[in-house]
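Both complexes below contain subunit A, partnered by subunit B and then by subunit C.
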Partner chain A sequence: MSVLPYLVAGWILLAGLYGLVTSRDLVQAVGCLAVAQSSTYVLLLAVGYRRDATAPVFSDLPPGSPVVDPVVQALALTDIVVGATVTALLLSLVIQLRKRHGTVDPEELTGLRG
Partner chain B sequence: MNTDDLLPLAVAIPLLGAAVLAIAGRWLPRFGRDALATAWAAADVACLALLWARTSPDGRAVSWLGGWVPHDGHSVGIVLVADRLGSGLALVAAVLVLAVLCYAWRYFDEPSGEHGGMFPALLLLFEAGMCGFALTGDLFDAFVFFELMGAVAYAVTGYRIEDPRPLHGALAFGLVNSAAAYLSLLGIGLLYARTGELGLAQIGAALDERAAAGHGRDALVVVAFVLVLAGPLVKAATAPFHFWLPDAHAVAPSPVCMLLSGVMVELGVYGVARIHRIVFAGTGGLPDTVVRDTLLAAGVLTALIGGVMCWQQRHLKRMLAFSTVGHVGLFLIGSALLTPAGLAGAAVYVAGHAGAKAALFGLTGVLLDRYGSVDEHGLYGRARELRLPGLLFVLGGLALAGLPPLGTGLGKAITEEAAGHELGWLPAVFVLVSALTGGAVLRAGLRVFGGVGTPPTEHPEVAATTGEGEEPEIREPGRRLPAPMLLVPGLLLAGCLAIGVLPGVGRALAAGAAAFTDRADYLADVLGQPGRRQPGAPAAIVPKAWWTASGVALGLLSALLAAGLATAAVRRDPRRGTGGLYRATVLPLRRLHSGLLGDYVAWLTVGLALLLAAIGAQL
Partner chain C sequence: MSRTARLRLFLTAAAVLAAGLIAAAGELPGFGGPQHPYGERAVAAGLAQRTANIVSSVNFDQRAFDTLGEESILFASVLGAGMLLRLARDERKRRPAAEPVLPTTRLFGATLLPITLLTGGYLVAHGQLSPGGGFQGGVVLATALHLAYVAADYLVLKRIRPLAVLDVADALAAGAFAALGLIGLASGAGYLANTLPLGTFNQLSSSGLVAVVNATVGVEVGSGVVVLLAHFLDQAVEVVPRRRSR
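Take a look at the complex of A and B:
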């Protein structure tokens, strides 16, 4: 099994976290969170991968033919649903913040400190 | 009905209630919505109380959803498991949701029409997430419930969308917690890759089997441990992952704070304890000593930071939020001891703390309602006419300080004693943190409700969150204080007292703690292989969970210290500056709480790297 997909997952995670740390735009920060989350998709799908196997849909496959792990696919799907909810909610908060506060720069939000 | 059927019901009732309220709320009048929400929350309390009563003290109820039972120890089904600690924590959550719904009867001027009933619907959804997280026996399910609870919490934190500050707090909360949840998911993926299982018990058993076959612990298990625990540790606001908590709690509506501080944060500690105990405590996981030392260090650090920062606050909600950080550190110490006694103490402490902290947030809501401010300095002496709330506020402060015979005092005494057996100096941390957090609340109570001492002044060298000019959460000037806003905090404090006075509660939680730590028994119950436990292996010893002379003495000492600190603070000459010690230690600590999102995520990664390094160095 190739180690490349795991390295890719780690790289995507680091890129997302780096973006979260350095971002000066909240829309971008929410995007970076989504990027960090994509690393989980890559990892999960890499875990379930089998060489020369096909999708686990048995309607037109003879039973017993090799398929990739359906559990991780279910996990990735659930993960996408969770991610879509959270991203949508956070983006709506950012829109509202832009309306009320006139900025999407996290450095200008100084209402809470100390 | 079987006991096992109550498990899915405990999650399904609030989920269904949220849907019904979201739809029916459009047409129902305000009274109808509140009555429906309250009845629904009461039904879930009844369901969980029945579950608690029907689970035997040292056993657990197991429910395989959809009848997908395991075969030969392998399963693809999802399992819910309730032991006394899990169902007890779910019960605390349900009771608090009920209390909060009653408290909020007259709290918001809610929009009717399309958005009517949304707030109670969200609270019920929140309840479903918390109960699910407490009752699940499946790691991926725990992630899903964690995110459900999280997403609803972000939404209700930013519920007052007219004001920019709640949005800011909710965003920091959402970004940091979700990032941590995805790190947890990465860890879950790694564990699945290694074992092919997702259930807590199944992963634990599979890791043990690998160890028995000679493939011991390796880097993957260590990394998975740190990653999986990232989510619960951030939710539990362990230093240095705690920065989101004061920001979110300071700005969330008061009824929401009651839930966030009262039970959601504690669920993080529960998650850490449960996941470690079932998945990683076996031969295929990490040695107990390594985990104990690491988590103890994190707990002590969290407790001290929480205590010191709590003392520094003038924004009342932020003060209470930091006091939660301090207490969560103490809970973490209790559960990190990995003994039934420490866990029993932490459980009693959490139950008492839920009552006291929710009551204090409720009373702060009264101040916000009356004066449109939660600033200790600005409110100086203004709330003199609120006699009863003032009295309750002071009582809440004493509860945080651990005064016997309140429930928090009992929990502190048991945890402290268990910690003292481990390391002799740990009780000093308990006394110090209790005195600081209780003292800060007492100081605020004396100033705000009593107008005692000299008017306070600022330290202009630190940019601080003041709490002035808050948007009042209710816009109906001149109305009388709604009765539930006093009654609910009063009842919550009475509950806190009951936990310390009724011996049954402590006994039941102690038995539950013994069952919680009995890993072999849990695996046997869940995997359906009774008799797996070696015949010679004794069941875990049920610790004593009642007052001792030293516990009472230390409780009195911390309450006295808190009173002393509060008196000294209100009497202090306002012109006196702050000394070198303050500049050297407290000032940098306060500057760390910068309110900047990037800093918080940076601390998240640094903290995880430190955790990994600390565990790696000990192996």
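Take a look at the complex of A and C:
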């Protein structure tokens, strides 16, 4: 099954999106967004994986030995940093929402309030 | 829209998306295959720049401009969270009480705090040589400080956490990354081009600009995470509404 890791990434994405759609709690929704985003880590690392290869760090490896793709690893790192900061920003928005409206249920947030 | 209608709409869209993803997965190169054209070129370029950790080479040399953008996102979100979580007019700060802690937990924190700080510093300093780098090391450094919160209480964390200094360090490190790019520009190459002396391969001084940019990112991530967590912890521990009734 050489496509299984890609399908796993797709499954995680859909599971996260399902959570986002059905969530009754904004903190949970932020968590689901993080789940959906983590599918990209799986996808990136699956694309970069190479059999019988090791980490792309040549401090104790002879040059020329097979290594996994460093480009997608760097992209996954970017992804993690951006994901973490966006999660932090969204959670602070939820905290403010809870203070001003007294609820974190998206369906109870109907009208605009000053 | 009602909940069932929304769920139905989602399931329809998810089925279409799943079909697309399955079709796309079939077209991707096989998992674990030997063909990685970008990876091979990145490895060659990284070794040519005498950087042992190719991931660091990709992040801080080959696509340093992207990393500048990523680091700006980090800085902006720390700033944004600080804005959103500042003390509102109808809130006040309460003095947190000292909390009792098990002596074993205290010992755990007191032992691990210096070790974790050292590990974080090591990870940042050796970012161009070994797995790790500014992002990972910065997070470890920030975690180390919060061991004080786990092993003691919020008062102790507040005492050992120089928040004003870290606030400034965060901004300065973010600016330093952008400023370091000018070195390349001044020497006639391009913005953020690695024109510093490359040093000896596999030594602490190797890889030119990578080591320096890596260090600024380490400072920025470390102080940024501490500042970010400080705002959240403030909300949980210190901030209370001025009047109890709404």
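In this section, the second predicted complex is superposed on the first by the 110 of 114 C-alpha atoms of A that agree within 3 Å, B and C clash if a C-alpha of one lies under 4 Å from a C-alpha of the other, contacts with A are read in each partner's own complex, and residues count from 1 in each chain.
By our rule, a contact is a pair of C-beta atoms (placed from the backbone, for glycine too) under 8 Å apart; a residue touches a chain by one contact, two chains touch by 3 or more.
Computed from a predicted model, the values in this text were never measured in an experiment.
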First, second, both or neither for A:V57, with subunit B first and subunit C second: second
Partner chain(s) touched by A:T78 [first = subunit B, second = subunit C, both, neither]: both
Partner chain(s) touched by A:V3 [first = subunit B, second = subunit C, both, neither]: second
Subunit B versus subunit C as contact partner of A:H101, first or second or both or neither: first
Which of subunit B and subunit C A:V68 touches, first, second, both or neither: second
Contacts on subunit A seen with subunit B and repeated with subunit C across the two complexes: 13, 17, 21-22, 47, 71-72, 78, 82, 85-86, 89, 93, 96
Complex contacts: residues of subunit A adjacent to subunit C: 2-7, 10, 13-14, 17-18, 21-22, 46-51, 55-59, 63, 66-74, 77-78, 80-82, 85-86, 88-89, 91-93, 95-96, 99, 102
Interfacial residue positions of subunit C with respect to subunit A in the complex: 3, 6-7, 10, 14, 17-18, 21-22, 24-26, 28-34, 36, 38-39, 42-43, 46-47, 52-55, 57-59, 63, 66-67, 70, 73-74, 77-78, 80-81, 84-85, 88, 129-131, 135, 202, 221, 228, 231-232, 235, 241, 246
Residues of subunit B defined as touching subunit A within the complex: 76, 140, 144, 147, 150-151, 154-155, 158, 161-165, 167-172, 174-175, 178-179, 182-183, 185-186, 189-190, 192-193, 198, 246-247, 250-251, 312-313, 462-465, 590-591, 593-599, 601-602, 604-605
For the subunit A and subunit B complex, residues of the former touching the latter: 9, 13, 17, 20-23, 26, 29-30, 33, 36-37, 39-40, 43-44, 47, 71-72, 75, 78-79, 82, 85-86, 89-90, 93-94, 96-97, 100-101, 106-107, 109-114
